[in-house]
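Below you'll find a set of structures to go through.
In the two assemblies presented below, chain A is common to both, partnered first by chain B and then by chain C.
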Partner chain A sequence: MNATAIIVRTELLRMARGRWLLPLWFAFLALCGYAAWEGAAWSAQRGAALAAIQDEEREVHRMRRDQIVNELTPDNKSRYGGAIYATAMSFRATLPQGELPVLTVGQAEGYPMAARIFPFVASNTIFDEYMAGMENPAVLAAGRFDLAFVLVWLMPLLVLAGSVDLWSFERERGMAPWLLAQPVSPLRYLAAKAAARALLLVGVPVLVLVAVLRFTAAAGPATLLQVAILSALYGLFWLGFAVLVNLFARNTAQAALGCVGGWLALVVLVPALALGVADLFAPPSSPAERANVLRAMALQARAEVRQADGASRAGRVPAPNIPDNLRKRAVEVERGEQLIRVAVQPFRARDQRRLYWMEALRASSPAIAFQDALERLAGADAGRALRFQDQAHAFLLDVRRLTQRYLEQDRLLTAADYDHGLPRFVHREAPPATRFGALAFDAGVMALFLLTLLALLAVGARRLRHQAFQPE
Partner chain B sequence: MLRTHALSKTFGAQRALDGLDLDIAPGEIFCMLGANGAGKTTTIKLLLGFLKPTSGTAVVDGIDVQADPVQARRRLLYLPEQVALYGELSGLENLRYFAGLAGVPDCTPKRLRGWLARAGVPAAAIDRRAGGYSKGMRQKVAIALAIARSARGLLLDEPTSGLDPAASAEFHRLLLEQRDAGAAVLMATHDLFRAREVATTIGLMRDGRLLRRFKAQELSARELEQLYLDEMSAPSCREY
Partner chain C sequence: MDAPASTAVLRQVVRQQWLVLLRERRLRILGALVLAMTAIALVAGAIDARRARDARVHDERVEAEVWDAQGAANPHGAAHFGRYVYKPVQALSVLDPGLQAHLGGALKLEGHVQNTSRFKRTDNGAALSRFGGFSPAFAMQVLVPLLIVFAAFGAFSGERARNLMWQEIGAGASPWQLLAGRFLAFAGALLGLLALAGTLAALLGISAWSGAYFAALALMLGAYALYWLAVLGIVLAITAMTGSARTALLAGLGFWVVSAMLAPMLAPMLAERRHPTPTATEFHARVVDEIMKGPDGHDPRDARFAAFQEATLKQYKVSRIEDLPINYSGLLFEYGEKTTADIYNRHFDRLYAVYDAQAAYSLKAGIVSPLMALRPLSSALAQSDLPGHRHFLAQAEAYRYDLVQRLNRDIKFNRKPEMRDYATDVAAVTRGVRFAPRPLTLAEVLPRTAAPFAWLLAWLAGAVALMRFAAWRLEGRA
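Up next is the complex of A and B:
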């Protein structure tokens, strides 16, 4: 057996005989289990809400179809006027849950999960119904107790708690000179010790996580593998950080202070600072200001159209199938869209600038990159929510174009149209290459941090022999 | 076996070792005596490759320590003042670990027990956790390691400091066994009387320089003590 294997085996034996390993594992298992249970409950709740929205859409369609069947004459005339048309083209666009929604709520509650698509409403109002009262702001501010919280915030503490004395123990106990005098290079010695800790403090928690996800989510092996790889990278970064701190600490108390300080900096302070930097250089657009501007545009459009139409109040004879007031409304909406498209440009530019900054700031801490990766795997990332909004808007435009054709032909919907001719919203996920690319970027950030640590460790390991004889 | 040639080490303006020439043959025990800061531990550090010499060379069994420190350490056993063992492991497991690190083949429990027994570790203590071992017992485990490794050079840095007289006597008995087995021993110590008893050669060090070197049996214990006190109290050339 070579020296590396002997060090690994002995380190495993020492840790197994220590009193803290099992409690740490059980604490992690309990936290993961509870967070997954909470996540599953949230996911079930959201799933039920989405199902209710889809049920509502189906129910509305069934009622409208019955109306069409009952209220249309055989020659496609309305028995009671054209109002039936106005309410017939009503749809819901829903954002389905991702593959691993139990992983994290992420930013899912900061964005609408559905849209009400109706051809005669302004595009800026289609999400209104699903925006109000979405979440308690206190919960949003504090974050949820989900698996991402356990992994991003608490897993580092587990790794640090288990490796805080990786070398400081030997130093504190006066074993350092005796150990370093053995014919093994310090780097190899440290690497072997770290490998043993990695097995128990990173490998086992990752297995626990995968097992918990296997029981609570219907994710495929590829997704579970991605979660495992990302979690392992993040755990290894923290192990590397603990080793680095150990190289400089004179005793375990100093090492503990260094580890906790690093955790505070990288997990708590840097993300907060990153947000501060983004706010400074790319402040978010105010939703209230945006809503007011867009409402003003809608009102302006209505006023313009009504003013232009003021002279011709008399109805056409014979009356068209679809009443003219719907055509006026369509013109009003179209004019409103023209005004909104211009008015929304500064807000979009500001949002784009902020998105760019937020994407770039992912690289400022492995904790941010890891949180981002988990949100993407959970399908709870902002990018997916914004893509859904774009698709809902596009769907609205499709519905409007369809409506326009009916208006131009003055043709009412028939039951056959309803059964076969109406569009249905289907959310399209980003292409696999795009999704994988974003995850690879996050993994790359963590790997880069880890490689930097390894480089520092390779240099720092040379300090060991000098330290060995320094008094405590 | 253990050789230094014009070995010097300075830390900033302070010269910790000044042109040390040593040649310790197999079967020889060289005791370095001197006050704290005389350069004894620095010499050991340089021989272990823990420090880079400012000038000169340190050679172990023909291997330049700076060129290949790991190979040099393979031939050495270093025994510090405090031999610390992993408290969670038994004496046997500790020995298996350190012997394994040194590449000792066939570390079977039977052989490990044999080495520990030869070093004087009682059979009842071998499987006990080392957390409860006395300092003397820990030193014996280190000697067992020296036996297991058949170390060709021993570097001892005040190994009996703090040991009770019986444990100290036992330690020196084991040391003589190692010498008889052909080990070259360099020992830094403050214990003049034990040094005279076990050493082949004694060197007096001060301010990083080897002031005197003589055969241990050339002087009586009292003469050695007087010589030591005279040398240590004489004005240093650096003070002028």
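Up next is the complex of A and C:
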């Protein structure tokens, strides 16, 4: 057995004999289990809400079809405008949950999960109904206790607690000079010790995580593997950090101080600071200002169309199937859309700039990069939510085009239309390459932090040996 | 030992601990760091509040212009077009932004519907948003206790501190005097930090200075003092009971993780499980259901409208709607608005009762964390909590109702049967209706702070009792 294997085995034995390892694993298991249970409950509630929204659309269509089949006669057409005029078509666009929603709530509560689409609705208001939830703001402010919280915030504490005395213990007991005098380089010695700790403090928790996910979510092996790799990378970073702190700390208390300080800096302070930087250099657009501008545009469109309409109030003879006032409304809506498109540009540009900054700033801490990766794996990331918004908006425009055809042909909706002729919204996911690219970026950030640590460790270990043989 | 001698020993211990604190470079750096972060957060918060106030003034002006720009419009259409109102920024929310980021700063008011507030700061975020920003309250609620753990964990534990303690006991000081002395020394430093933070907060809120402002600020700082002293007492008791510095540090950190991180996160979630909040879809479905079927589910809207029509004809002693001296659709809008407003009020009352039950449940978590008592207290005094928000919503609803009913009454009295498309100057019709929300008075806030204050006092008493117990154990060993 070579020296490295002996060190690894000794370290494993030492850790296994310590009374703290098992409680630490059980604590992690309990936290993961509870978080997954909470995540599953949240996901079920979300799924039910989405199903209810889709049911609402189906129910409206069913009711209107029944009206056409059972109640409509040539004489009472005007009473059933909602069922027969294409201008009254009613749709819901919903953002389905991702593959692993139990992992994190992510940005799901900060973006609309559905859109209410009518041909004449102003495009800037289609998400309004689904923007505000009823969740207690106190719960939202406290943050969701999901798996991402356990992994991003608490797993580092587990790794740090288990490796806080990795070298400081030897130093405290006066064994450091003796160990450094052995024919094993300090770097190799530390690497072997770290490998043993990685096995028990990173490997086991990652296995626990995968088991919990396997039990609570219907994710494929590829997704689980991605979660495992990213979690292991993050855990290894914190282990590396603990080793680095150990190289400089004079005793365990100092090492603990350094570890907690580092955790506080990278998990709490740097993200808060990064958010401050984003606020400073790329503040969000003002939704209140945007609402006022768009309302003014709606009024302008109405005024323009009324002015153009002038005195043409006489009705056509014979009257068309679809009343002409709906055609006028269609013109107003179209003009409104043109004005909105222009007016919304500066706000969109500001929001895109902010998102760009927020995405770039995830490179400032492995914690942010890891959170981002988990959100992407859960399907609760901002990019997916924005893609849904774009697709819902495009669907609205499709519906308007369809409505326009019905208006031009003066065609009424029929039962057959309700059976299979109406469009349906289907959310299209981003291409796998795009998704994988974003995840690779997050993994790259974590790997870069880890590599930097390894470089510092190599320097630190050399310094350690140098110090050991310096006269006091 | 007689009283003067005992006081002299205590004074000596306090002085000695002060010297230790002043000499400890690590503590000086940590203290300065926390103070600097609090100060930066306070200044950033003040700048942010100023920006929000300016934006609110601008938005209000533009919104009024948009409303006036409608010109001649159908009043019912105008009621649907609606108005926006904006929530005022409270002066002390600079110190504790509370739930503000999750509450939304604006509300759309329209006919038939009571909307929830919009434009939350947490909307449209990214992964970075999940970590939350940095506020003075965060520094004072989460970081200062951590500073206390780092500063005090070695007060009695560790080889050097332990030896010093036994020497002091050998020299005639009792363990209780040592504990109390170190407590007073640390407390002095903490209260100094609090005074600095309070002074800076007051200076930044100069435009809001009033008796009520200072009273609320003083109460808030008092609550923080109780919280910090309770944490200090617990950490000192831990260090006195633990010989090893490492164990004391880990126990202190464990207490911090549970009380400052886990409990504040878990308690609201458990409260939500105990008292479930309906989803937005469920809430609106229930409201619509009641509007359509009546409160008991057996009084459909059509029947109610028919009964209303009959009663109206009877009241005006006519047999046809056309013969009424007023416009019937305006009257019906007025009646419908009253009905739906009552239904919405009832459902929102229920929703807020659920929130209140959740808050009461969360407060019970004060048994494991003093922060669970401090948070609602601090945000209540800053008026950045849910009841403060609801106070704003209630005023907005009163305004909405008045506005919409004015428009309905205009139709009722001015629309003649021969008018096919009725339009009027809606700005003129609603000119007399103004929205001027007032914040809660301190007297209205105080009752809500009684229970959290009691919890904090109980924590301080518990911490002192724990210190007593630790001193008693040391006496036994001595």
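In this section, the second predicted complex is superposed on the first by the 436 of 472 C-alpha atoms of A that agree within 3 Å, B and C clash if a C-alpha of one lies under 4 Å from a C-alpha of the other, contacts with A are read in each partner's own complex, and residues count from 1 in each chain.
Criterion: a residue touches a chain if its C-beta (ideal position, glycine included) is under 8 Å from a C-beta of that chain, and two chains touch if they have at least 3 such contacts.
Bear in mind the structure is a predicted one, so any value in this text is a computation, not a measurement.
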Query raised in the report: Between chain B (first) and chain C (second), which does A:Gly276 come into contact with in this model arrangement: first, second, both, or neither?
Result: second
Report task. Could you tell me if A:Pro183 is touching chain B, chain C, both of them or neither one (first, second, both, neither)? Result -> first
Query raised in the report: Who does A:Val69 touch here: chain B (first), chain C (second), both, or neither?
Result: neither
Requested in this report: Kindly classify A:Gln45 by the partners it touches after superposition: chain B alone (first), chain C alone (second), both, or neither?
Outcome: second
Report task. Considering only the touch criterion stated at the top, classify A:Ala458 as touching first (chain B), second (chain C), both, or neither. Result -> neither
Query - Which superposed partner A:Ala291 touches (first chain B, second chain C, both, neither) - result: second
Query raised in the report: Does chain A have more residues touched by chain B or by chain C?
Result: C
Requested in this report: For A:Arg17, select first, second, both or neither according to whether it touches chain B, chain C, the two together, or no partner.
Outcome: first
Report summary line: chain B and chain C footprints on chain A meet at residues none
**Report entry** Sites on chain A touched by chain C in the complex
**Finding:** 38, 41, 45, 48-49, 52-53, 106-107, 109-111, 128-145, 148-149, 153, 157, 161, 165, 251-253, 256-257, 260, 264, 267-269, 271-276, 278-279, 284, 286-289, 291-292, 295-296, 299, 303, 351, 355, 358-359, 361-362, 367-368, 371-372, 375, 381-382
Query raised in the report: Can you name the residues of chain B that touch chain A in the complex?
Result: 41, 45, 48-51, 70-71, 73-74, 76-78, 80, 82-86, 88-89, 93, 97-98, 100-103, 142, 155
Query raised in the report: Can you list the residues on chain C that touch chain A in the complex?
Result: 26, 37, 44, 55, 58-59, 62-63, 65-66, 69-71, 81, 84, 86, 98-99, 101-106, 108, 115-120, 122-134, 138, 142-143, 146, 150, 153-154, 158, 245-246, 249-250, 253, 257, 261, 264-269, 271-273, 277-285, 351, 354-355, 358-359, 362, 386, 389
Report summary line: Touching chain B in the complex, chain A uses residues 1, 3, 6-7, 10, 13-14, 17-18, 170, 173-175, 177-178, 180-185, 465-466, 468-469
